[in-house]
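Look at the two complexes coming up: chain A is in both, with chain B in one and chain C in the other.
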Partner chain A sequence: MKSSLWLKTYIVVFMVFLYAPAILLPVFAFNNSSIVSFPLKGFTTDWFIVLAETEALHTSAKNSLMIAVVSAVLATFFGTLAARASARYNFKGRKPIMGFIMVPMVLPEIIIGVSLLVVILQLGLDLSLWTIVLGHTLICIPFCVAILNSAFLALDNSLEEASFDLGQTKLNTFWLVTLPLVMPGIVSSLLISFTISLDEFIIAFFLAGTEPTLPVYIWGQLRFPQKLPSLMALGTILLVLSIVLLIIADYFRRRSARKTGANTSGGFI
Partner chain B sequence: MRGFAKWRQSDTALGLTLVSPTFIYAILLLAAPIALVVALSFWTQDYLTLIRTPTLENYREAWGELIYQTLMLRSLKLSIFVTFFTIMLAFPVAYYVSFYVNPKRKPFWIFMITIPFWTSYLMRIFLWKVILGYNGVINGSLMGLGIIESPIREIAYSQNAVIITLAHAWVPFAILTIFVALEKIDRSLLEAAEDLGDGPFRRFIRITLPLAMPGVIAATVIVFIPTIGDYVTPRLVGGPNGLMISNMIELQFKKANNAPLGAALALSAMFLVTLISLVFVWLNRKYLTGQGR
Partner chain C sequence: MTDPIIHLSGINKFYGDFQALYDVTANIQTGEFFSLLGPSGCGKTTLLRTIAGLEEINTGTIIIAGQSMDGVPANKRPTNMVFQSYAIFPHMTVAENVAYGLKARKTPRSEIGYLVAETLKMVGLEGFGDRASHALSGGQRQRVALARALVLKPKVLLLDEPLSALDKKMREQMQSELRHLQRAVGITFILVTHDQEEALTMSDRIAVMFDGRIAQLDSPQELYRRPINRQVADFIGVMNFLDMKIESKLEACYSIEIAGLGKAMVPLDQAPAGISSNTKVGIRPEMLTLLYDDQIAIENEVAASVIDAYYVGDMTYYQVMIDGIKKPVEISMRNTAGRAVLERGAATRVGWGNESILLL
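This part shows the complex of A and B:
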């Protein structure tokens, strides 16, 4: 197949293009030079030590972690309710309501950032980490709904009916039957929202008060050339962290699908 | 009363009750704020005080002043280019994964394609600056090898750099969307086309492509709409001629302290991208139904 050879060549070139930034990140993080450019100068771990000594970085990382954890829990909670409703009940207005909940997925983040900023300033509230949580929860909900929707759709209704027939209450059935079955989906949704929130910049940029998140801190440092190598080291740590989180999330998503008997192809979205 | 008790057990009642917290959250944090931005765009600001007399002044300025026209047209042009290149890059990959990869290996491939999308957004854009810049990876290596004498200006700090960086950022989204559409194609239709004498090229044009079009259209919209709002890429890799409308929106909301004008610019940009998307979807629908069936 000649055409398949062309296609395969293209795929290889494409994968190089796709992974170019991710591969260069650790290359410069371990490069013994204060300038981020080629040729490489030799191996060093100094830039990671610089990170360990930067106080402002630690504060912003803590802020980001707090925001990511709270947003992930809130978004997964709201996502579970919506996904369950959409998968289980065929109610009037289901399509427009679910469509509306999914809108933040396609809306430019700058619109969300700007509109929340306007509301907060009009209400006379102060910008804080909590205002970022509100925005992050909003943009994470559609991803949670997408993940949990497939988990709930794959759920066999007869298992719940069996539990009712055996005399369990609604609440007990939810705790003992439904929740354990969709648990991998919930874990996957928590991890994905955590990753999105940890990395989100534009909304945090508009809504951050005096306390920066990690991406807002990175943005501030990008102006200083001497800070760049240590930012590469930071980027490498974040890269490894998100890959680990994604592998765990994917494992749970597939386990969820296998548990409920669906096929395991398809990605996160 | 009995009617109400019965209604309470209906799918509509149970479903609406369950979905309402999420729905209310979305209304409070999405619909209400956007409604306020719409209102704001008709107000004016005098230093720190808002004047709530409705006026079209902000829109007159947003659509009339040359600088805003230039930025808006450039943003639309760049978004259209980004979308076009993203789809062109994505389609062969989605096609390969759907038609050539062993079904058991497909989840792995999709996983590998999505990973770069989840790695630090700021660092990813910044690294494109490192790759494309004057002393960047490409220019530096080519000059080092003596292939070129001065940096290729077309790829560094330019609109082209913005297009490359944004296409890279959105391509996994486009691949996934097109892949889902390709997976739905009934493979026996392809066999039928072959049995009836279509070669690989004709089969692709007449069967695969029309059936994949819903995915292509969805990917186009998913890439096109958010691209207009990108703020970081133009700032980092765009250079002086690569700035886009979001940079101006941010300026108006923050330093220039003219939130009403910023609101009018943001809403105008959203209006234009939505309009273009709707026209695009409508044209495709018309074209597809007119030709195929």
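This part shows the complex of A and C:
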């Protein structure tokens, strides 16, 4: 069983490469030493206390959350409109238009960041959290469109026709039939955009005014070696939060899939 | 005769350069079971959807129950549709599906419960109200789709190939149930189907469509016995087409010479499309008889040999070769008591009569 041994080795190496750095985060977050290196010195929760007492961190975390929530909602809203139009109607120039919407997905973020900065300054606007929301919405939309497009394509056209035929208006048809059936797609879209926005650094770095986001704050703190263990503690919190978020999102996705009898494969977990 | 419930006149429908419907004109009577029959792509579903209001027409008028449907959207028309995919809302229970149209109409809540239960009982789904609709079988989904439309008491129920997704046994059962249901509720049904047998068994009248046009609109018997042209004759049931020569046209009939069979006198009205150089003789398989032993043909007979025999229980379908006819001729015989099934290669005689001949 030579091939099986190769396969096992491959899997182990792959998993170590993927997860070892993430495991190091909590290890050093609880290590009683300001130097991040082995051997471990002892157990402490001091670094978390340091986090709790750092005002600037709280502000930047709040900024990041606000930006992530608003960007996710905006990107999903616009993504829904675009995906619905693309999946349902065959209008002139559909393919090029959809192509342009997807471009930010492959464009380097540094290009987007710099060009948005130039445009915003030329327009005479002030840099603020809203300019970051703008940038994040832009880069999230392609992901939302990709997810929602498949959700709308999977929807049987005759369901909407049936609702209309049964006397319901087109608007109510959207609320009563279309939206509930694409809800799993919308939840995924919100979640993906939220995650993308939350850990996005380059655009936030260029477009941030006086108020930094969490990644920008973390980057600023990396200049001070003594801050490193508390950043490890912060990373640990973020790691746990991400896992919890994924589990909650997948629970809702599965629940709604079960309700409509759809195939429950293809989730995150 | 009462006024037609649906009056279609001069309907043309284009998809870009493609014309899907050509000048369709028809009247559908109140309480009638009406079928649109044709091969796929003939425009029958398009016609149904224009009646429902799901497709717009380019020219022509649709009048339903005395009202012009010009500019009336699907949700305001007195028609309801059973979709080919059934289009049952998967996130709702059976009862919620059936109540959907009633809620759209703002029917009082107290009435909804009663109407839903009543209609579910009518389609044989009593007690299924709380079931999740995605867990139903094909036949049950079909019934939910029917109940959901019938509960609104539409003037016309439109059915788009509703039985095509069911297996044979279920399909036959649903055919007779649909027929009974239609008689019980007295609502006009318009059924789209590509299955000629289904159309024949269920309908009061059938419109046979080819390439966006209605080729013939008649009762099942008329369609089968007196198809208007070769295309219709070929689509409805099986028809043998034989070469022939016109010898002379007399006052009340044609005198013809049929290849392989011989001379015949055919009344003028058995040539519905007139006579041309391309006209052939059409004979249904059951209008030809295999003669056994010393049986004597009532009118004419010719010698033949059996090429193949398909025994299906109640019937045997033969292919026989007759001198002077290139293609094998199809003959169907009922397997009555004591009648033997002929073997391949057996020599036999075929009996036929003038009255069973069509000139198409």
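Keep in mind that, in the parts below, the second predicted complex is superposed on the first by the 246 of 269 C-alpha atoms of A that agree within 3 Å, B and C clash if a C-alpha of one lies under 4 Å from a C-alpha of the other, contacts with A are read in each partner's own complex, and residues count from 1 in each chain.
Convention: contacts are C-beta pairs under 8 Å (C-beta built on N, C-alpha and C of every residue); 3 or more make two chains touch, one makes a residue touch a chain.
The shown structure was predicted, so the numbers you read here are calculated from the model rather than taken from an experiment.
Undergrad: Determine, for the superposed arrangement built on chain A, whether chain B and chain C clash or fit.
TA: Aligned on chain A, chain B and chain C fit with no clash.
Undergrad: By the touch definition at the top of the document, which applies to A:G93: first (chain B), second (chain C), both, or neither?
TA: first
Undergrad: On the superposed three-chain arrangement, identify whether chain B or chain C touches more chain A residues.
TA: B
Undergrad: Taking the superposition on A as described, I'd like to know which of chain B and chain C A:A20 touches: first, second, both or neither.
TA: It touches chain B, and chain C stays clear.
Undergrad: Quick check for you: in the superposed arrangement, does A:S37 touch first (chain B), second (chain C), both or neither?
TA: After superposition on chain A, A:S37 lies in contact with chain B alone.
Undergrad: With both complexes superposed on chain A, which partner does A:S163 reach: first (chain B), second (chain C), both or neither?
TA: second
Undergrad: Between chain B (first) and chain C (second), which does A:L207 come into contact with in this model arrangement: first, second, both, or neither?
TA: In the superposed model, A:L207 contacts neither chain B nor chain C.
Undergrad: For A:I67, select first, second, both or neither according to whether it touches chain B, chain C, the two together, or no partner.
TA: neither
Undergrad: Using the superposition on chain A described above, determine whether A:V133 touches chain B (first), chain C (second), both, or neither.
TA: neither
Undergrad: In the overlaid three-chain picture, which partner chain does A:V177 touch, first (chain B) or second (chain C), both, or neither?
TA: Only chain C; A:V177 stays clear of chain B.
Undergrad: Once both structures are overlaid on their shared chain, how near does any Cα of chain B get to a Cα of chain C? Whole angstrom is fine.
TA: The answer for the closest chain B-chain C C-alpha pair is 9 Å.
Undergrad: With the touch criterion stated at the top, can you tell me which chain A residues are shared between the chain B interface and the chain C interface?
TA: No residue sits in both footprints.
Undergrad: If you look only at chain C, which of its residues touch chain A in the complex?
TA: Chain C reaches chain A through residues 52-54, 73-76, 79-81, 83-85, 87, 89-91, 100-101, 104-105, 132, 134-135, 148-149, 152.
Undergrad: Please name which positions on chain A make contact with chain C in the complex.
TA: Result: residues 156, 158-159, 161-169, 172, 176-177, 180-181, 259-262 of chain A touch chain C.
Undergrad: In the complex of these two chains, what residues of chain B are touching chain A?
TA: Residues 11-16, 18-19, 21-23, 25-26, 29-34, 36-37, 40, 89, 92-93, 95-96, 100, 103, 106-107, 110-116, 118-124, 126-128, 130-131, 135-137, 140-141, 144, 168, 171-173, 176, 180, 183, 200, 221-222, 225-232, 236, 246, 249-250, 253, 259, 262-263, 266, 270 of chain B touch chain A in their complex.
Undergrad: For chain A, which residues are in contact with chain B within the complex?
TA: That would be residues 3-4, 7-8, 10-11, 14-15, 17-22, 24-25, 28, 36-39, 78-79, 81-82, 84-86, 88-94, 97-98, 100-101, 103-104, 106-112, 114-119, 122, 134-135, 137-138, 141, 145, 195, 199-202, 205-206, 215, 218-219, 222, 231-232, 235, 238-239, 242-243, 246, 250, 254, 264-269 of chain A.
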